[in-house]
Each structure stands twice: as structure tokens, then as C-alpha cells.
């Protein structure tokens, strides 16, 4: 019963097959191959516009490369205080950007709102040389608490960003889960809502190690390619990474899998929420469940072999735990978890 | 007829199979899995001592992480002026080390010798605050010109290094080819000869994307793990990278393949060297051939569809070209190349 | 009527005289001179222990160099959210430390308390590679709001720091004002209370451009000297900087001036606080006054030529302003400011 | 008898007086004062065009800030292998530029020539993502060996630079000595010859600690002001630095002093060159003498109390020494040095 992370499970058979196929014959290395060449057209269809796409092998690399490309060393990146870039990347955005400052905001469900951004701008004034210069807003879709920004929420942040000359980055490690929840087009919640760059995740959803940095405006690409090379993220046999992304996107698999996973998470959450003393901390919109559970149930689950994270220390007899349902989480594990929890 | 790079070809079937196998069931992410756990023992057998091993996905990452772990921002790294770290990584060592200085030396066959190192130390004096501080020597095995350091050559550099308090890093992107040539043990030309850290390459030899940073002394590991995470190189589903390394090393495959590839390169070189006007620039010790060819033959080869790099601009009617024979270079391509060259 | 900053005024005559004297004859450059050599003994007397002292020319340099020496790139520095290092140095600590993360805490009077530090540590866990590693606490003495940490307050933070393996840095840009207020020894509120490194300010108090980084433990010095050189802060004619510090400390001038300046600030604050609608935001312990004033009085003062900063935007008919009384603020300006404010 | 460095002597009386004067009354800090405001006009007169001028306190800061403003982290800076930026700044350009690569060239008299630059460009190809990208040429005026670039020499480098899209930086730590030698206008050997940014030195010539970064094109300024702040080089009481530059430039003092110092160096060099076994390594064009002297004379000079640097280790019975004549080197020291050398 492993509910610790999406990354605890392997990869889709279709992705493994695509990788096995990708290596036939000689090809131009470092991304000059045909599979990589096809990617931009594929992403272009999905996002309904021309895009520039760079495959990389980790979400941290995608986020840090995207942000460092947008933001200079004296810039500030406004984000949620609990966001992955702020607390779970060991300072990667600071490293790649050579010291840009992350300004972490509070916000319900790990989402930020325009009012909080506006307030933070008072402390980092544009043009005042003593202050780190606000340069970008980074939002996480789905958020660190499994909630999802609606297009109009993204749009409100973008409108504010435009007024202040800020760029918008979206960390889409679980982008598929968000789209599956929103039932909007990928365009609606990204560039049509004002997003400039997207870290498009596939690893959590079922790839081996494949993410894509998607630029919606060619001008923003700037020196991205040098940054990617310089950070060791220009993979020599790139076709193996690109093939994963291609298989991930083929035949709508990415959304079908995400919808199914979301549904299983929602079902598990509903079952758990009916247990006495249990309380959902946030609506379950993607594939993560944040649940307050009585400590004795938490203990019982662990004793039964369930693995998951405590999200905050136990308090007042209960603990906030996080459960992640992955594409390959066995149905019987979910059933057994629920059964043990019910006691 | 693609002789541009080892990276132009795919991956061994055994490695693809191992990757397909690696994803079964749930596992601890970020390297806490069983396959990764087995790696250190495996490398320990190969190197006949305890080692600390970190899988990464590119040679640039391996080199830059290893060097940045050894060398502080005010340090200097002594290397060959043509080495991969000096000219082909877009400044990755400088980026990861936050600005350490690469001091590039001349040297025949892209190898450095103690006399040249000693001379360079006069310009970077230990303890003099105005100078970048010499901290490490980095050598490439096999070298950028396809030549191989013998154990006693490495030992002489190490002896000098020890006298001056310098560490030794070996960039082993083609380590297998070097060992296959030397017919010594992996230990003999690394830690027994004074090497502290090795970038052990597998990608060029036949993996999808897998290299290992091998520390021969635990103390040198220092903050490597934070650097790896911070640079986006801590792969979440690490078992897929570790599985490649395991399959690469299994049953002596890595050396068997390298020996065979070296042999094919040597045979091609011998054939070419008999052509009138052709001259080998360096002995062919690994899988690379550096050959002066009359320009008309170079032109004829390209017209016949051969792909390879000019290494220096044409001069006096001939050009220095590089040919790389990879594990999967088709035998008929080699034969045809030779045949076209002969005219 | 300039109340904007300590830096708006020049330098003491004694310091200008010392500088004029310092240049006689030839001397070893880069700090090898006799005046610089005398500094450590002088600081040793003042702090009642052996110290290592490095003169620099700005407080930002002192803070950033001290912090970067203590904290690695993957480290986190815990500080007040309003501290100078967090908001007024354009990211200098991040630049010098190559990306360490500043974790800004709330706290009354711009001071931090152990409970807030403890809470922040939950989000940056020691040994967890995904998190920036807590490495140091930085406190400001006197604080950004003109309040002063008492020795027991520093001691409580240090006790917590020791338990968690953290270093303590003190930004003492207004250290003289703090000591003059506390009436304790400089040792009592620094190393005896657990401080490891102090940025000792003299510029705000009356020097031209002179600060000192004071290490209380030789081991913490590490590679400071290389960092100073590499950042362009190793002044060639160092004796001119050291002479300023020597004159600042001579004959107890630094404390006498600070006490006098504090006294004048307190008197002005008392006068202002009796005005109807005026309210002090914080006790005036050093040379800064944070005062809520009715907007019409603020306007009247500005129309009369007074210069000072609004600290927060006007709200509910009043504004929080900051007034700084410097060593050279003319007595008549203080009297006139009070008179205009009274209307 | 101190001939070690220009920095071994103090400051001109006129500069000390200007500093003493500069602090009167209140002024806007951080460079908003009147003295700093006057500087751009003053430099504009001297250089016969609009310029943007930033005072800083060290040559290392001036060079590193200028270069980092021109060159991105993935850029390469072409310079002489013996230049100050390459060997005497402990990697400051790499630190400020976040890892740009210095490419050091050979060249007689520590000057570089177009042919050598052209050759180096073959190894760092524009647009090839694996290579650090050539971005700027940095030349030293006067050079590290006391020789001076003539306007046409600078022009030839600039012409090459323009063809390859490179910027030109001039390290003018001894710019006054160079102009005094060339007897051309400051414009002739800088912007008229294609220089984009100049590190204009005053400290070596007689200031306390004052240099100016002079941009000849406003577009190149980019984010210089943030870099200066972020590196701790935005001095709060800037007027004290600006006053030094103003006094340095007033009434043609900078050139008069430099001409006189050059003359004294040349006279000493001529006297020394007539000694048997002595040989000038380079023509003495500024205030530095590079002289081969028999080892026994070197020893005799040191025993008599003379201080100077050996520039290379003794070889074949003689040593290359460097002698610097500073504005304040006593005439009797020069006479005595010559007398002791003659034996």
C-alpha cells in the first residue's frame, strides 16, 4: 500500500515500448533527431498555437531552467510559500537563476491570489535598486495541496502580472490531472489565460523521466538552450526522452489516464471522509488527498503496511496526511487502505 | 554512414530490457530503490574497493557535479586545453562550481603531463589570495583525441597532485574503451594510480542515458547529494537509470563491447592509413580515429553520404577529420567508408 | 531637515583626520599595513577575546561576505522578513552565497523569537535532500524598526541555534546604538550570548565607508579572504579603511556619539508622541523613530522641507513614517521639525 | 625603497582635501548627491561625448562589474593569459558573471593581437550550444607588462570584434599612464577606437580608493546598477568616492602626475639598462619596468632593503623583476636603487 508519491510507480507499457523503438538506426544527437522534431508540432496541436518545446528529464530541471530563463539574478519570483520550487527543490531556482529571490505567499489550498501578490509588491519595488526586482509569478497546476487553478483565476493573476510587467510560469508537474479536472482545453488555462511558460510534466503521470518546457512566446526562449546545456540537461540521445513525451500524448492517453487516476483519488477520498473523525483539508481535484485523520487510525494504517506522508505534525489527536493515487496504484491497495482505515 | 559520435546510435537490447523490467511494482523514489542499492556493491566488485556511486543522466552532469564537489568557487581546475570540460560543456564546470577557473594546458594527444602542470602552478600560487587556488587536476580517459593514459602516467600526475594538495578527477566518458585498450584492471588506472573521483560513462557505450559518479573516498562526497538535487539531476524514478548501469556492467558486457568497438576502429584506421596521402594524427587506442585526409577524399566521402566532423580547418590540401566507431555502427558502413575512401 | 538616513550625513572630523594621516610613506598593500595589523588587538580589547577582523567598505558587503562564509549554496538563512539582508540588499546574500535561501519570519519590532524559528525549521528539514538546509540565523542589532535585542533574547536564539546546528550572524550596522542603549558590554550581546560573526558598522555612525566583519571563532573564517578578494572588496590601500575604524573606536568615541544620537532621537520621539493623533509604533531604543502621524501633519512637514520616508502607505488618515537622527543632524533641524509638527 | 606596487603609496593631498570637503551638510545617499551628479559631465568633457559613469572602490570591482554586465554566464571573454582579470583577481570576473569563461591568449608585452583572437574563435563557435559563446575582448591599458596599446592596435581588435559581434572592454587601471605615453586624447584610444566600456583607474594614480566604470553607450549599461548594489559596491556615502575622482581629474592633474611618473620610470629604466648583464624585457612605456637582472644584483638590492617582485623564477643566472614607480616614490629611493644596482 504505497501512497507516498506518483513517483513510486514505474512507467506505462506504451512508453516503455516507445523507448525501445526509439533507438533504431543512427540519428542526430542532442535533439536533432526526427522524434524530437515532431514534438513541437504535437504540442502545437494540443495547445492550439505555435510553441517552442524542450524535453528535459526532471521537473526540478524544467522549473529551474524556465524560471532562470525568465528572471535575472536580481529578480524576484512570487510564488506560494508551500510551492515545490520554494520548498522541495533544495534551492534549484536560486541556483539556476544565480540568486534570484523566491517570495513565498500564503494562500488557501496552496494557491495564490492577486491580493496577496499585490501586497508583496509593496516590499519589492520596481526600479528601486535596493530591492530584488519582481519579475515573475509562478503557480502550480495542480497545486501542492491537490487543488486546481480555474482559467479565470489564472487570468486574474495574469492581468495583475501584465500591469506590473511580470511573467507567468506554471509548474505543471500534474498538469494532466488539472486539465482532467477542469475539462477545459490546455490552451484555456495556459496561454489564453496569460501563462508565458509551462513546465509540462509527464514523469508523475507515467513516463520514465520526461518533462517538457513549453514556451508560448518565442521571445521568451532567450538563452534557454545554453542554460540547458550548461546545466547538464541537454541529453545526448534525446530521442529517448522525446519518445516518452510522444507516447504520453498519443491518442489522448495523458488525459485519459489522468481522469481515471483523479477519479480513483476522489472515490478513495469520499470513502475516507465518511469515517468518524476524518476531515478533508481541501477538495480533491486532482490525484492527491489531504486528510485529517485521528492518530489511532494513522497508526493502524501504518501498522498494516500503508506508506504515506504526514503533512504536518500531529495536533489535537489528529494528523494531516497526504495520499497520492498514482496511475498504477493497485485497486486492491486502495480498497484495503479504506478497509483498514474504517477499522 | 554515420561516424559523427558514439551518441548517434541507440542502446543495447539488454539495457532496453532492463529498463522495461525495472518499473515493476512500487519502489522508493529518488534512489531509495533496490536496484540503486545494488549498484555500489557492483561497482565495488569492479573497482576492488568500497566506493560511493551516484547515477546521473549525462556526462556533463557527472563531470560538473564531481568537480564542483571537489573544488570551491575560488579554486582552479587544471586540465587539457582541448578537454571536454574545457570546450564542450558550455561552461558547466564553471556553473556548477560557481565560478572555479579551468586552466587549460597544451599536451600531445590531448593528454597532459606533470611538467606542464608544474609550470601552470607558478601562475596560480597556493595561499596567495589574488590567485585562483589550484585544487584539482582533471584528465580524460580515453582522451579527446582517442589516446589512453597508462597507469604510470596517471600515477605521475597523482604524485604531483599529492605534493601540491590537489585532487584528481577522471572524465571516463569512454572509460570502457580505455580499459579494453589497457587490459589492466579498472582499479589500476583509477584509485590505485591516485584518482579520487571518476565520471564513469555508459551512455556512449550503449546506455540510453546513464553515467555514474564514482567516489573512491567517502570524505570527498561532501555535499554532492545536495548539489545533485539542486541541479535537477536527482531523478525521481532513479531505478530506471540504475537499471541501465546494472545491465551495462552485467556479465562483462561493458568491456566486451568496448573491446570489440576498439578493434573495429583500429581495423578501419589501419585500412585508411594505407591510402596515399592519409596520415593518422594519433595512435588509435580507443574508438576514435583522427586522420589527415586529402581534401578530395574528404569531399568524395561526404558526397557518398558519410557523416563525420572536420576537427580542424582544411590546410595544405588536407583536413584532420574525426571518425567515431560506435557499438552499433554497421559493419557494412565501415566497409563502404573504406571503399569510398580508397576511391 | 533631512531625516531620511544615517548615510545622509558626512563623517566625523577625527575620522577625516585619521584618513589624511594614514597615507604617509610606503606600506604593504591589501591589508598588510600596520594600521590594519593593530585593528585585531583593538577589537580584541573591545570584545574581551581574540577575534579575527576584516575591514570592508559597505554593510551589504559585510553581511553578504559573512553569511556566504558561514552558509553553503544549499543552505538556508533564517531572518526577519523585514531585515536589511532580506529586502534592502537586492539579493546580495544570495549572490555571495551562490543561491542560499533566506527564510523570512514575522516578529514584532522586526525582531525574531525562538518560537518562530522553530516553526520554520519544520519546513526545512536537516538531512532531507529536497529542502534547503537551515544553516544560520541572522539578526539585526539594532533592528530594522529601531528596537534592540537584549542579551537574553540573543541567548535564547543561540540556544535554539546550537540545538539545531545553526550559526548566528548579527548585522550590527547600528551596533553602537544598540550597545549605547543596552549599557552592556559588546561581549555580552555578541559572543557571550552565542553570536558567531558580527557585521560591525561604522559608516552609519560617522565613518566615510568602513565596516568590519568580526569573527569570534577562527574556524568560521574558512575561505573568507578568498571571497573578499573575489568580490572586489579587498581594498588595495586598506590602511585608509582601517584608519577609519581605528578612529571610530578611539577614546570610546563610537559609544559616546551613539549615546548622544540615541538621546536626541528619544527626545524628538517624546516631543512628537505628545502631538494629538501621533503614536509611536515601537519604543525608540536606538536612533530611529517609527511614528504614526496624521496625514495632514505629514503633508505639512514635507511642505516645510522635511525629508523622511513613509514606511507603509497611508491608511485610515495617518501614515507610518521613519525618522533617522544621525550624529550630525543639526539641533535646529530637530527643533524645527518638532515645531512644524506641532503646527 | 618600495617598488612593489602603485598601491604601496598613499593619496594626493588634493584628493584628501576633497574628501574632507565632501562631507559637509546633508546629501542624498547612494549616489544621488551633487558631486556624483557632476561626474558624468566631467567625464563627458574628457572623453568628448556623453558617457555613463559609475564610481566604485576597487579595480577588481570595476572590471568584474563591467564584464558581467556585458557578458552572460554562457559567454567567453577573450583576454591576455597574463592579464589582471585572468590571474590576479581570484576569479572575480567568473564570480560576477556567474561563470563566464576567460580565454587567455599569448602575446608579446602582455598585449593581444587580432590573429590570436581569430584563432581562439575557432574553438568557441558562435551559436554552437556546446561552446561557451565569445562575447567580449578585454584589453589592459597599460598592459600587465607596462606596454601601451596604440589607437590603431585597439582599432584593429575592435574591427575584428565588430565582425564577430563582440564587445570591447578596457581595463584602465593605469589609463592615465597610457594616455601620458600616447599623447593622444582619451577618446582616441577608447570609443573612437571601438572600446565599449572602460575601467578608469584612479587608485593606482593617487586616489584613496576610487575607480570609475565608464560606459560609452547607454545601451550597454543594462542592469549594471543592480549588479553594483547586489555585490555590495553601491557605497552609501558615495560623494566621498566621487570627490576623489573629481579631484583626480581637476586641472589636468591625472595626466600631469602620470607623465611625471612615467618619466621617472623611464629614467630609472635607462639607468638600470646600462648595467652589465641587465636587459629590459619590454619597452618602458608607462610606470612599470620589467628587467632581467643578474641574480647577484637582485640579491644585493634586497639586502639593501629594496622591495620588488620577481616576475618569473630565476633562470640562467638572472631573474626577471618588476619595478613600479608610483606618484610618491621618493626621488632618493630611485637614486639609491640605481646606485645599489650599479654596485
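Labels for the chains are A, B, C and D, by order of writing; each one numbers its residues from 1.
Here, contacts are C-beta pairs under 8 Å (C-beta built on N, C-alpha and C of every residue); 3 or more make two chains touch, one makes a residue touch a chain.
As the structure is a prediction and not an experimental result, all values here were calculated from the model.
Just one of B-D, B-C or A-B has an interface built like that of C-D, with over half of its contact pairs in common by residue number: A-B.
By number of C-beta pairs in contact, A-C leads over the other of A-D and A-C.
Once the centre of each chain is set as its mean CA position, chain A and chain D turn out to be 50 Å apart. Between chain A and chain C the centroid-to-centroid distance comes to 41 Å (mean Cα coordinates, whole Å). Among all residues of chain B, those that touch two or more other chains are 30, 73-74, 89-91, 95, 98-99, 129-130, 226, 229-230, 234. Looking at the complex, you find that chain B touches chain D at residues 73-74, 76, 82, 87-91, 94-95, 97-102, 122-124, 129-132, 312-313. Across the complex, chain B meets chain C through its residues 30, 72-74, 98-99, 129-130, 133, 223, 225-230, 234. Here chain B touches chain A in the complex through residues 2, 4-5, 7-11, 16, 19-20, 22-30, 56-62, 64-65, 89-92, 95-96, 203-204, 208-209, 226, 229-237, 239-241, 328, going by the rule given at the top.
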